[in-house]
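Consider the two complexes below, in which subunit A is the common component and subunit B and subunit C are the respective partners.
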Partner chain A sequence: MTDPFATAGFLGLSGALLVIGLFGILTRRNFILLLISIEIAINAAVLNFVYFAAYAPSAPIALEGQSAAVVVIALAATEIAVGLAIVLALNRVRGSINVAESSELKL
Partner chain B sequence: MSYTVVLEEFLPALLLLGGALLVFLADVVRVRRLEVFGGIAVAAIVGTLGSVLADLGTPYLEAFRTIPASVVDAPIAPGDLFAFTSLGLIFQGIFLLAALLVALASLSRPSHERGAAVFYGLLLLATLGMMFVAVAADLIFLLLALEITAISSYLLVGYTRRDPRPLEASMKFYIIGALSAALSFFGASLIYGAYGSTSLLVVGHTYPAGADGPLALAGFAFLLVGLGFEVTLVPFHMWAVDVYDGAPHDVSAFLAGGTKKAGLFAFFLVFLTPVVIGAGAQLSGSLELLLAILAVATMTVGNVAALMQDQMKRLLAYSSISQAGYMLLGVAIGTAPAIEGATFQIFAHVVLKAGAFLVVGAVAAMGVGPFVRDYRGLGHRRPVLSVAFALMLLGLAGIPLTIGFFSKFVLFSAAVEAGGLFVWLAVAGVLNSALSVFYYARILRVMYMEPAEGTDPATGTDGPLLPLGGLGYGRASAIALCAVVIVLFGIDPAPLLTAFQSGASHFLALGV
Partner chain C sequence: MNLESGAFLVLAAAAVATALLALLVRELVHTILWIASFFIVLSGLYFLLQANFLGVLQLGVYAGAVTILLLFGVMTTRRRIFSREAATGIGPASIVLGAGIIAVFGILVAGLAGATTGSGPNSYPPALLSQAVFNVYGPWLLLVGFVMLAALGGAIYLVREGRE
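== the complex of A and B ==
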């Protein structure tokens, strides 16, 4: 249905987005930057949906992918809103949004 | 499936949504009474539970049936977002039971504590998400429902807002949850690319042909990791101990007994539906082996870590991880008896582990410390509560005459029945159960054999406190409900077995 090389390239792009996002989630100590990393990682999935929908063989299949993309975008916004709420509460209690400084619970 | 049917099915679930909105509204108009919030929540949950049981076909409740019997277990069509399976309805019942226990127990919280409205509102919303998980037939719908549950539960962990420990737990839970969501959705997008659909039915029908494609394999792998975080699959389990430890006690009970079970059902749907429809009741060899290895690793790591814990909540959290391993065995084996056993194990775990966390919450409210050694002499000072706790621990260890024995028995005999590699899974499971007896027995020994030190922080004397032991009616009734279920179905599991058996066999015939 599509040129395999184009698919590989696109998957490389979304894969890179995912890896950048995951790397940020695992290494960032500032909660705001961490939220941005989460957003990047989720956008990798959105990009995939849009790409596969653009090359879908029929309209119903394309619609499924496009609506999935919209749903995931809305979900990412919700996720970030909740994250910001947690940051605000943390900042009030601790006066800091550094993730590494929260270490009362030991592994 | 017509949309009137869909609407009718969601009527009971809308009761939960209505309850949540009513709780928030009551908070806005300053009806700041715990009994009001708790009453609304309990009523909404009980109402929904009644309707779910009626849909399952309980003769006494038949009049309240909201969906036609013909729709339950009907084959699903490619465009369907929902499938009303009896297994899904059973899981709805399990989720509602967990929510009911927590809602009841929280009625006994100190009435001056802030945030009761937020707690009950979010509890209802999280339960609503789980109700949707149980009827999902489409990957996007399933992940979205899981997210409703997850987002509510991040906030539920940190709802007190003033204490640093729950907030830190909430933050960790949030980061892990967001990571898991990103991976799951990425997996779903790859599956959409590979199969041209996110419907589990379509994926199932094309599964044998497309199973070897790299896109599909990568999609399933990402979903395995993403959902693995949700169900505390080893090596993605480390967050759970911190979160269960840091969360308020009632919320820990809800996380272990409720939201994690929703993740497990999502695991069932993603990894069994395609396989069941596409290629008979067997997973493809490599995936099956991988799941089996991860399940055994999960139970072993959880048990060994629990052996070394001296904090009660962390010990229970590790034991919860190991229990997830048993439940995942059911997915790895994938036969009807195995799904039946896993469902039974999940049901048992709700009353056992949520009950245990509720007892820990009750004990902490009496001023007893968080360590296992702080429970010295509890058997003497709180005889009734201690008997309930002992029942839960014996059940978790799988001792006969408790519900935990039968659930493991069904699961392990299904593994032996499946033969081959699975016999070794049963052996690993039995060995792990034996290992777990050590740490459960240690708690029992501390409670009953070691004398208490000093005076009772709650009474100031050293005598036993009867009858409720200062529990409060809400918490007492929740713990009593757990104890009754543990003993009742431990002695006669037949009614449960019949229901789970028919649920499992219908689930395997879903797409036919």
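== the complex of A and C ==
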């Protein structure tokens, strides 16, 4: 499966998922939907790591890609935890998790 | 078109469709169900690429922990889970959909188990991956640990009591 069509397919899928995540980040106003959009975009990046690790020419390079994927997955889970803490704090202070209403930091 | 290409096409279409549906459905709970299926489909792609450890990690961390955390966030920030009266119980459509998904995955797994992959992706045992993570990239793992510790402290600081 080292043919160029497979590479194009995986890169296309990764790009499509990144675009979907960006679409969600730019259009959704619910904080939880924002977090989910970020997760979709991060998973698009992890898919690239895993794909190019699977077809790497040597074992150290492949394991470098997989190690990077492990680190990214751990950090994404951490980001979700902090994001949900922000959601809970926002909900307690303002009674709403709509990011358009939280505008104290706007110029 | 061999079996792996077919499996990739099915999984890629399912990934794009579930990601789009997660952002486009109206109910927040349905969003979380779709994003859980998106994570499961991505773990299927990792298994297809012979990255078995990452597939299991994706299932455990994303489809398990992150989904439950998101559901927890929805439960604690809404007075009612659904914004309108939703039909309870299991309808025929969901049964057909679930049976179809199980059948497709079963056929794929059975085919992949019997297929002889000559020039497929390279497979590496988890022992080699753990050596890479804990020896070669050990300092980075330590750095990730510090970041996670800081995130833990920050999350507790954000949600502590008596702060208005």
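Before moving on, here are some points about what is shown:
One rule holds in what follows: the second predicted complex is superposed on the first by the 101 of 107 C-alpha atoms of A that agree within 3 Å, B and C clash if a C-alpha of one lies under 4 Å from a C-alpha of the other, contacts with A are read in each partner's own complex, and residues count from 1 in each chain.
The rule is simple: contacts are C-beta pairs under 8 Å (C-beta built on N, C-alpha and C of every residue); 3 or more make two chains touch, one makes a residue touch a chain.
Everything quoted here is computed from the prediction, not taken from an experiment.
Of the two partner chains, subunit B and subunit C are each touched by A:A56.
When the two complexes are overlaid on their common chain A, residue A:E64 makes contact with subunit B and with subunit C alike.
Legend: residue contacts after superposition of the two complexes on their common chain; A:G9 is shown touching subunit C, with no touch to subunit B. Once the two complexes are laid over each other on the shared chain, residue contacts for A:I86 go to subunit B and to subunit C alike.
Of the two partner chains placed by superposition, only subunit B is touched by A:L34; subunit C is not. When the two complexes are overlaid on their common chain A, residue A:G24 makes contact with subunit C while staying clear of subunit B. Subunit A has more of its residues touched by C than by the other of subunit B and subunit C.
Applying the stated contact rule after C-alpha superposition, one finds that A:R94 touches subunit B and leaves subunit C untouched.
When both complexes are aligned on chain A by C-alpha atoms, subunit A residues 21, 46, 51, 56, 64, 71, 75, 78-79, 82, 85-86, 89, 92-93 touch subunit B in the first and subunit C in the second.
By the touch criterion stated above, subunit A contacts subunit B in their complex at residues 7, 14, 18, 21-22, 25, 31, 34, 38, 41-42, 44-46, 48-49, 51-52, 56-57, 61, 64-65, 68, 71-72, 75, 78-79, 82-83, 85-86, 89-90, 92-94, 99, 102-105, 107.
Touching subunit A in their complex are the following residues of subunit B: 140, 144, 147, 151, 154-155, 158, 161-165, 167-172, 174-175, 178-179, 181-183, 185-186, 188-190, 192-193, 196-198, 238, 241-242, 245-246. Within the complex, the subunit C residues that touch subunit A are 2, 4-5, 8-9, 12, 15-16, 19-20, 22-23, 28, 31-32, 35, 38-39, 42, 45-46, 49-51, 53-54, 57-58, 61-62, 65-66, 69-70, 72-74, 76-77, 119-122, 124, 128-129, 131-133, 136-137, 140-141, 144, 147-148, 151-152, 154-156, 158-159, 163-164. Of all the residues in subunit A, the ones that touch subunit C in their complex are 1-2, 5-6, 9-10, 13, 16-17, 20-21, 23-24, 28, 30, 32-33, 35-37, 39-40, 43, 46-47, 50-51, 53-56, 59-60, 62-64, 66-67, 69-71, 73-82, 84-89, 91-93, 97.
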